[in-house]
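First subunit A sits with subunit B, and in the next complex the same chain sits with subunit C.
And then the complex of A and B:
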């Protein structure tokens, strides 16, 4: 199969020993020479992914292919990949030259062993067998793979081991690089990172920026096929960081090697990369060019994370027409009529116009000078709008605003209702979601029915009786029907959970509350909760919509 | 004039202590070392020391014991400290305590107990004085090696180790090229804790070899016990000189180390 992918990650997952899923079903391919960035908040799995490519962590599931060959279980020292570490990780006991030459001195160049007649000597390759056995054991011990998944891999390895045990193969002797070659390579690397005069200096006498350059030189001097950079500019000050960004970009085009870069700084990602991979909770949210990601964010998380944005709830009211902020806007995206959508508008896409020409009117409540322009907060009804403009308007004055159709980005809503597909009904006619009982109205399962004294549902005409004990149902709760109770000791709470996510959506927040049993409740609220807050949840009886999984007749008694 | 308390007065007790128990005794040692029995200045003790084969032999033997003890303690203590500092093998402090606990017991008692155990095992001063003494020395000084090494190992920079692997080191090379260089300050500290005290150790060889092995410390003690104040003082001066030399040698390493730490902050 001929393609120019240098590295491919196929269904890669990483599950740590404590069962936390750091990376979940990650699929990605990287072209040769590409500058790709993993972008996401801390804890999103971007560093873990990078460490799996480097070989410090092995994937629990899936494969990593380098030039089409599976390297998933290869240790870091056997991969043609080098890394620039977060805090440089320079060897403090060596000077600049020795740091850079470190990898070169370890390098062994294989030379085919030949006998007197010039024929290659064939030998049993014990080292290869040893490596294969190591890999065999690694897969065998992997508790995240099922036996069926393991078997073909293990069989494949076993047949390879058997082959190498019986078949002598060409043997190699290894030569080291001469000190002259090392000298030349180090000098070239120092030139690339602009540190020519400093080769004899001690690491401790270098500034942060210089240490950074040494770290890069130490990695690129080995001529890796892929250079991994784990937030390499995080420790530098702002101005230095900006300079280094440009320099790294320049180095990338000069060297022509593939760069995989990890950062949580969205601006850095947009400035430097050819391709950005936005991640959250170990899952890829969007892959695309910086421009694509900025202009066409796939969901509210990406829009919120990349650049500043206004996010609103909107409704499609016609062909390429969307209503939000109490106004009907033309837009470019087509969604079904009445679909609830997230609308994202970048602050720079909202324009001030003369009185009378406006689409929407608001009141300026705040103005911040940002150097290049002013950032305004404008209230339209109870919605906040963030606008950027170079013109100066006083706080308190009226604002007349328009938004062009190409400035309105519409995304399918992540959630419109909470759907629980594995709910069931207990003997008290309560619905069990996440092992907590919610009182509900089971009579909705049979239209027009009522409950008798024994808790059975009696149909309208009294002819049929149903007992829904243990019935599997799908329960649905609308986002705005979930009541949040601050006092988690209160007996009104039906379930208690932790706020794990919040997004500001114009005039309210959308939260995700996760219970101990990992069930999520999404709700909207005008009030602000912090991440990790513990809250109680209650739902009114009539707000839980139930749907039987099986036919009603099965429960007839 | 009214007395006003200043912070610098706080160091007065320390200075008094220093003068009384360090400066004056050293002055006495030097005084006795370079005088004769009548208190007149003389090099008699010096000449006597360097012309008496017996005394030179004791010095050489002590140096050998010290060196060997340091090496054995490091060889045993280094891997133990490495394992103790590794969370994978040791997730709590209890095992560290087990290794360090002997330090809290008076070492005269401990040495007595060691002798009894060795006698019970059939190894005693009578039959194998060298082995018994060496064993006692290693047993006594091992905690002093483990503790500084353990603290250094806890501070090992994991990312430097990963960088070494990333640049092509196999397991052995990681150890020789990253872990050992990083732990050098701990090794130096540990060696210092063992080398000089072994030179002057008195109870351990005395007890375990049943007086058959005389180290420098024993020799000094015997001299004072026999009222040879001048020659014994001179031996103490030799001891001071050796301490000075060993500190000069190790300072080169530790100085470099601290300057690096300063720069990191």
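And then the complex of A and C:
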């Protein structure tokens, strides 16, 4: 073995039958014994990736290597990998003991067949040939691979098939584990998950937390090389979840096997993992240690998703100087002059200071007691700033704030889409981006839903109704979906702004239009505009992608 | 308090309505009076007459053979259909479900007549005018009657099942077929069992389809196959219900009762046996 990676995913993509791309060109190298977490909003492809590692889905492109061997098309029962399912998937017709022993009872230990003289018996391995043929057909029928990609793989498999057809190999007989061996392993697993007293209980008599433990015991008793966990704590209450997080972490260090964990809970990911993989729309946004991801988020999405953060549009105005919130701050990152950047400031990095020593002044409009500290919302001009502090300041009073250079994180602007993290929905079901209303399709927040006459969103089965008035959302508009209207008096304009930046990229221009309220719209166009031109902007209803900041259930009526 | 009394008396009234007729039947099976209502004193005469009547014994034998064979076939067909349908794509499943629904809501007479027409048609067109009516046509009729009900009994069990159970079985080392036997089947076995019992019941007391599709064979030899229901029907035409039917139905009821009790005893015993083995293993743990 040339490296110490236990599992490698190389250029893995998953394209479903209806041409939706669930995972796009995923590259990941996992070291033995690592605790790795896939983190992202629902539908980001994290579960699909996990299912490909488990073997329930096969990658459309790319390969998965386990200890350097290609397992991309191996069925799940042939992989030394076990999974803890989201809703446990315990067998209700078996009790706790039999659930845990299930995998052990199926386990077959190969024993080399020998003749009377003790020499191994050589035979044509028909099963191996059958397996290879199955894999051959799978690759042959894969419509996502081009002929050139298929050919070397198919040739390789064909030569293997030919080899096994003509060359006899050692044959095996299979022995099962004895009931005593099984019992000892089960007893050990029960001890690890602390369930010794409940081994004879029926599954239906257990609490959620206990079922969770049985599910974990059932997986680890098989001594897998990798344990996969698909949002295993999602169904538990908060207190229980916190306890289980610590216990899982402890179990991980005790067992020493690799854990791959999937969650949408950023706090869970940060608490437990050695490495976090942040995903969005099937694409890896950032891979790093929890600290790296929190302190140095790669883009505005990661910053917004991991922890609470203030995100502003900034402009570099000099060497390690950035302007945002109408103030010139010193910072540690160096970017070219006049570059438009995303500035991320964590709420705990903004400090209250005495009058006169401040960098920026604002007015406290809201205060929430959070137990450990107070969370303030402070208006500076038209910008909202979230600040955390242990000191108590009354609402309505003036706030004097400073930000240290190491609290300012500067990111190159992501120019693939316009992302507006502080958008909200108004009562007409329009999305408000910087004080201007854009008509949008709110039914996308609930898949398959429709609108009724009162403007409420009704779910597909008609059972749930939602009212998204005042809902905080993240709005995204692709660069090429923004229409530019030259006549700023036209009724079609949804917002008017000034061209502040233009770059010629290959065959088209990329412009930034800044509105009066300092919101930027980036768009691409083949036509040329001059700096300081006033233009109108309109976006088609279906081209605004929305994502709720809170759970959808909060808006149910 | 009053509410409680009312609630209980309601339940007991319904139970009474359900079980009093059976009780009356059992009591009157122990007297030899021809007409129900008159009591000629306690005797086992009717039971003796029942077992001596060759006619009835043949009908009972036929009924049981047909019920068991048709129920087994219908259970296999219906369960496989339900499992197959469950793992089908959405559109295929909808079609299958609708096709299955029609025989359930359809009038039995329509099914019986259409079966007759089909058998005659096949006999004429394929077998050159041969009379197909026999045990086999009767069996086909009964399977067609009960398979959709088995499907309907198994389907909800599959829907209640956590869809990741099958994947969990694969994950723990089962092949696809093993996963089906070891996990999916035990999960839906109550549905399959109740489907089987329903199929037996449907076949046992079926008259219309039996009367239309039967031919010669089984214990009836060269005569038309006689089942309990066709026999009773034939007797009623000529006179009152034969008194031997009273002990017969009593016996059927008692058998059903024994089966139900037997199952619950078996279940408890199964777990206690396992517990003994467990305890032995546990004692040896270090």
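Quick note on the criterion: the second predicted complex is superposed on the first by the 414 of 557 C-alpha atoms of A that agree within 3 Å, B and C clash if a C-alpha of one lies under 4 Å from a C-alpha of the other, contacts with A are read in each partner's own complex, and residues count from 1 in each chain.
Here is the rule we use: a residue touches a chain if its C-beta (ideal position, glycine included) is under 8 Å from a C-beta of that chain, and two chains touch if they have at least 3 such contacts.
Everything numeric here is computed off the predicted structure, so don't read it as measured data.
Steric overlap between subunit B and subunit C is present once the structures are superposed on subunit A. In the superposed pair of complexes, A:205 makes contact with subunit B only, with no contact to subunit C. Legend: residue contacts after superposition of the two complexes on their common chain; A:97 is shown touching subunit C, with no touch to subunit B. By the document's definition of touching, neither partner reaches A:530: not subunit B, not subunit C.
Contacts of A:222 after superposition: both subunit B and subunit C are touched.
After overlaying the two complexes on the shared chain, residue contacts for A:75 are found with subunit B and with subunit C alike. In the superposed model, A:187 makes contact with subunit C only, not with subunit B. In the superposed model, A:117 lies in contact with neither subunit B nor subunit C.
Common to the subunit B and subunit C contact sets on subunit A are residues 54, 56, 75-77, 81-83, 85-87, 89-94, 102-103, 106-107, 218-219, 222. Those residues of subunit B whose C-beta lies close enough to touch subunit A in the complex are 157, 159-160, 162-170, 173, 177-178, 181-182, 184, 259-260, 263-264.
Listed in rising order, the residues of subunit C touching subunit A in the complex are 162, 164-165, 167-175, 178, 182-183, 186-187, 189, 275, 278, 281-282, 284-286. The touching residues of subunit A, counted against subunit B in their complex, run 54, 56, 75-77, 81-83, 85-87, 89-94, 102-103, 106-107, 202-205, 218-219, 222.
On the side of subunit A, the complex with subunit C involves touching residues 54-56, 75-77, 81-83, 85-94, 97, 102-103, 106-107, 179-180, 183-184, 187, 199-200, 218-219, 222.
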